[in-house]
Amino acid sequence: MRPSRRAFDELRPVTLERGVSKHAEGSCLVKFGDTHVLCTASLEERVPPWLRGGGKGWVTAEYGMLPRSTGDRMRREAAAGKQSGRSLEIQRLIGRSLRAVVDLVALGERQITVDCDVIQADGGTRTAAITGGFVALSECLAWMRARNMIGDKVLKDHVAAISCGIYKGTPVLDLDYAEDSTAETDANFVMTGAGGIVEIQGTAEGAPFSEEEFAALMALARGGIAQLVDLQKLTVA
Amino acid sequence: MRPSRRAFDELRPVTLERGVSKHAEGSCLVKFGDTHVLCTASLEERVPPWLRGGGKGWVTAEYGMLPRSTGDRMRREAAAGKQSGRSLEIQRLIGRSLRAVVDLVALGERQITVDCDVIQADGGTRTAAITGGFVALSECLAWMRARNMIGDKVLKDHVAAISCGIYKGTPVLDLDYAEDSTAETDANFVMTGAGGIVEIQGTAEGAPFSEEEFAALMALARGGIAQLVDLQKLTVA
Amino acid sequence: MRPSRRAFDELRPVTLERGVSKHAEGSCLVKFGDTHVLCTASLEERVPPWLRGGGKGWVTAEYGMLPRSTGDRMRREAAAGKQSGRSLEIQRLIGRSLRAVVDLVALGERQITVDCDVIQADGGTRTAAITGGFVALSECLAWMRARNMIGDKVLKDHVAAISCGIYKGTPVLDLDYAEDSTAETDANFVMTGAGGIVEIQGTAEGAPFSEEEFAALMALARGGIAQLVDLQKLTVA
Amino acid sequence: MRPSRRAFDELRPVTLERGVSKHAEGSCLVKFGDTHVLCTASLEERVPPWLRGGGKGWVTAEYGMLPRSTGDRMRREAAAGKQSGRSLEIQRLIGRSLRAVVDLVALGERQITVDCDVIQADGGTRTAAITGGFVALSECLAWMRARNMIGDKVLKDHVAAISCGIYKGTPVLDLDYAEDSTAETDANFVMTGAGGIVEIQGTAEGAPFSEEEFAALMALARGGIAQLVDLQKLTVA
Amino acid sequence: MRPSRRAFDELRPVTLERGVSKHAEGSCLVKFGDTHVLCTASLEERVPPWLRGGGKGWVTAEYGMLPRSTGDRMRREAAAGKQSGRSLEIQRLIGRSLRAVVDLVALGERQITVDCDVIQADGGTRTAAITGGFVALSECLAWMRARNMIGDKVLKDHVAAISCGIYKGTPVLDLDYAEDSTAETDANFVMTGAGGIVEIQGTAEGAPFSEEEFAALMALARGGIAQLVDLQKLTVA
Amino acid sequence: MRPSRRAFDELRPVTLERGVSKHAEGSCLVKFGDTHVLCTASLEERVPPWLRGGGKGWVTAEYGMLPRSTGDRMRREAAAGKQSGRSLEIQRLIGRSLRAVVDLVALGERQITVDCDVIQADGGTRTAAITGGFVALSECLAWMRARNMIGDKVLKDHVAAISCGIYKGTPVLDLDYAEDSTAETDANFVMTGAGGIVEIQGTAEGAPFSEEEFAALMALARGGIAQLVDLQKLTVA
């Protein structure tokens, strides 16, 4: 029995609310149960130095948690004077995942920064950020299309992400914090709408895991991500 | 005519929503029109080193803006490696304002940190943070009272804040960004429910101002803060 | 009775000594009793990035305290790796105050940096820094005029500053440290030679204060600043 | 044809030289072809604050690259003032991987820090660091056993790591830099001597990849890691 | 002919003014011509962690330059976020030089920090800081003796310092900035009252120098330091 | 008797191995007994901002120690967020020493950075770094000559360095850690092949030293450096 009484292959209630920011070109408030992440996409007419003059654009991401988004208050990263290794690792993952479905040449020499700020955390913040970040990015690209800044073909596919894990010996989908903190194995999957794999990260928290266990997690993830992509399609239209 | 068509002494629509955080002991999402600030109050059973062993508690505040809470994306302070002078100045103001209505001895040797994170900015974020921070703090103290950690008398009064300014020659209440960015004079007032002044900050953005002008701003502020305190009373109950 | 035996409306002995630096284009050693601040004005033929090409100049300030300018040795900010929030707040105030009397277009596309370093502190360092910083700035502008770099009209007025407070229930002018550390209310005023208000900062250290008390402080400040401006006129000639 | 003319399932020449440091309790210079990493294991009789008094030990890792270990000189991280996100991510991975085979309770309340410094880089530095770091760690534990500080059962298994990738459409084992920089998919595997999976990281550098492709990479990795573990057994004895 | 028209073995006018700080236990404003350094000695009843419980004290130094102490304004080190390599190197030298004449056991488990802040620079700031720092330190020890905190024997000797150099082919004593910036060779000497050498630093700025040239510099330094020690004796009494 | 049983004027076994880096334009692994330093020379076709457009090149150095190059593990400087004062001081010395034998105009507007990373430390790392850094620099210049980027005359002389000290009352050459940590006096000498002095640094660790003692150290250094230069000539050819 999962703490949340969900079935082993059941997502938490997921909502994707777009257009939540007065200022950003694209935005999405994504909720996976009690995990809430605000994603904004900001367009800038310049690219990083190493891309200048190449006619190619860039999509990058930044990730942060509000200090009391968690059970115990964390130190504010701005006060600590640096982003934690965990934050840097997560924002690199989000950026790579979103770039996997963007045609950077078709984007033109511009940068879109997707900020993912965790308002409230209950496990799975990085996968929620990818899933919601895609919606913010899509909205930003629609904003650009409406102004004839780009054509139709910048976005190559959908992309979404989910975590799975082995909880008390059973593979389960979409871990919440209660499960995540005791799971033996924890894996994050990023996949496209067409079912291609963009990123896999699996970690044995306790004993090592087997290929069979990993295959079971991947099957769960495939089902969950398909549902998330359906939801993205309803949201972005 | 104000850009928002408000009367010179009219507040923006203000809402104070408490209990918005699953984790924090107290929380409030405060909205002054399009300015939205999430305030959380976090209790810790320890005080800063310079207070240890003195039997006295502490209330402090931290302030931040999400990178795209503003019209142009700002650099993330955690990535920049430090809080800006503006952020530090504002969080010192919030902390002083809240401490003005707390009996730190009655609080006992504990610290409450009020985090004020600007989700969306449209002028007046610091005064919104003080007004909403008070609600988060009150909720935290109620949480403590319910657990018999403190008595009834920790909170000595209400405290709220508002900005005023001289916009196109006329003193007006509660500047939004369109007004704030062109106002000749800008002043922030922090007052208690009993009408005592906790903090005054007035700045000539253009030409110096006169005592008469300043008195007009203070009169406007007094009226606005009275309304905010009434709203706090309805919220905290 | 004030610890220094001064009358309630009596300034400490104030001296403004200009021309104290071999290298700086303008300089002033300002003393308010035992508070000694060295102010230098440095001219650079470039402006901050956000002003480039606009034909407008800039005046900015930096503030620091020598580690043993205070009763207890403070940590050197350069060793700590950052300026404190207090230092940043004060140097922002000094910069705003000086800019209030400078015609930045008449200055031309140049920057003047006024460094205010506290050699010895006994209360009121920020107001001493503004008062002395004005003298350093004036000397720098005279240096430029002597070289036909600017015309006569860069400086629009004098500017000076003073602190007032309520000490043992009585409003008093120009707090020294003994008064400042126990005052119930502390306020800083920045005014021009013509009597216009540039900046007001009032803080209740203990109980909130009333409008009447604040008006008494402002009246004291007005008298003190008039004396300081007279002294500036004698110094700069 | 691979640039190095290796077969698709052929490791580069791998050497594990232990006992290379005069000072460290354990050390290993690991070479995977032209990738050379110096690993040292340092014992300290104290644990991180959050473990104190729990009777449990800790194993952690730090990773760095010498500035000219790479084709172009990189900025020295100590001069830049921080470790890059990539370095932090890699050292977190090394630490997790090594802890997976250590009984932290049997280790006792002590910390072993495994420093992995890249002397020369030619792809696969993180997997070389895990493979060589295990040898340094083993030597450190042998040093402790020889002094009766611990018993026989601290190390639960071997652990080694290898990268695989899809290079010009073909899955290949142990990517060197020439392959890594153009591979469509890049995956790192960490496994134990018993064949359990400790960590999987797969990234689509170009197009998304399929489950079948990923399975092929995992099969290659399994073969390569078995060889590395055999080599570890010959080295540590 | 030297730019200052001094003889080759002639010091600049040197003054040592003690008792210049209201707060510090010891202080000295030292002037070597236009080089002015304010030295304060601050007593603390604690030692660095690595000395705790050993019954031994410590003397350390910190060095800084005011931003406009130099011909061109330097960036404020506190704003830059760190002390420069030059500042760190100089403060380490000052600390070593002062410790050379202090009996740290007789001092007891306390720390004296000598802050040397350059008010105005014209060459030779580090040697002026050592010479004046000794006076501040002496005054601090006298302050302690007057309170029976220490006995008579803490100070073992005097210590002073001077720079010499080869200017246009001639060895000269006490370089000012005009000489220092063009000297072929630059050397700093730290010696005790008894004539023992504490520190020697010689650097070829242009062509390498010979042993004979170095011997000439050392002879000049010996004469200059003897004069400085005489002046210290007059100052401290 | 020296701990290593060497004669008072006997160097440790010294080896200079060049060509040790696959990537760097020049490299040298230098060993003075158990002190091992890896030196690489990296060529860049740009100079620091203050040299741009002047037709002159630059040679600079950076220095670091691997965390467990020492008896006790040191904190990694990249993790600490800054280079220590000692590291900065040493890399400034290495840079000055190497520049003393380079004709920067003949080098052309390019920069060579010599990285000196201590793999294992047993005293004398800075002098080993200068001696080996010269070899890496020479190899880099030979690489450039072979490509007709420069002519024959860039290198004006050889340069090498050695430490000497007074150990148990006797002047000895080339201190190892056992001697260095207890020596009364410690001095570093940098000299050219022609016998000119580039840099002298002498420090009294215990009692001050005399001119006679210092002369004895310099005589020892002269002999040792002559041997090191002979070895450099054999290495670089």
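Just so it is clear, A, B, C, D, E and F label the chains in written order, and each chain counts residues from 1 on its own.
Rule of thumb we're sticking to: contacts are C-beta pairs under 8 Å (C-beta built on N, C-alpha and C of every residue); 3 or more make two chains touch, one makes a residue touch a chain.
Note that this is a predicted model, so its numbers are computed, not measured.
Trainee: Using the touch definition from the top, list the chains contacting both subunit D and subunit E.
Mentor: Intersection of subunit D and subunit E contact lists gives F.
Trainee: Going by the touch criterion stated earlier, list every chain that contacts subunit B and also contacts subunit F.
Mentor: Chains that touch both subunit B and subunit F, as defined above, do not exist here.
Trainee: Where centres are the averaged C-alpha coordinates, which chain has the largest centre distance to subunit C?
Mentor: The chain farthest from subunit C, judged by C-alpha centres, is D.
Trainee: Return the distance between the CA-based centres of subunit C and subunit D, expressed in whole Å.
Mentor: Whole-Å distance between the two chain centres: 59.
Trainee: Need the CA-centroid distance for the pair subunit D / subunit F, whole Å please.
Mentor: So the centroids are 33 Å from each other.
Trainee: With centres defined as the mean C-alpha position, give me the subunit A-subunit D separation in Å.
Mentor: Centre separation, subunit A to subunit D: 28 Å.
Trainee: Going by the contact rule already set, what residues in subunit A reach two or more other chains?
Mentor: Within subunit A, residues 81-83 contact more than one other chain.
Trainee: Touch graph of the chains shown: is it line, ring, star, complete or other?
Mentor: Shape of the chain contacts: a ring, since each chain touches exactly two and the loop closes.
Trainee: Considering touches as defined, can you lay out the ring of chains in sequence, from subunit B by way of subunit C?
Mentor: B, C, E, F, D, A
Trainee: For the complex, which residues does subunit C have touching subunit B?
Mentor: Those in contact with subunit B are residues 82-83, 85-86, 88-89, 91-92, 96, 100, 187, 191-192, 194, 196-204, 207-211, 214, 218.
Trainee: Could you please specify the touching residues of subunit C with respect to subunit E in the complex?
Mentor: Contacts found on subunit C: 21-24, 27, 34, 38, 40, 42, 44, 62, 64, 66-71, 73, 76-83, 87, 113, 115, 117, 119-120, 122.
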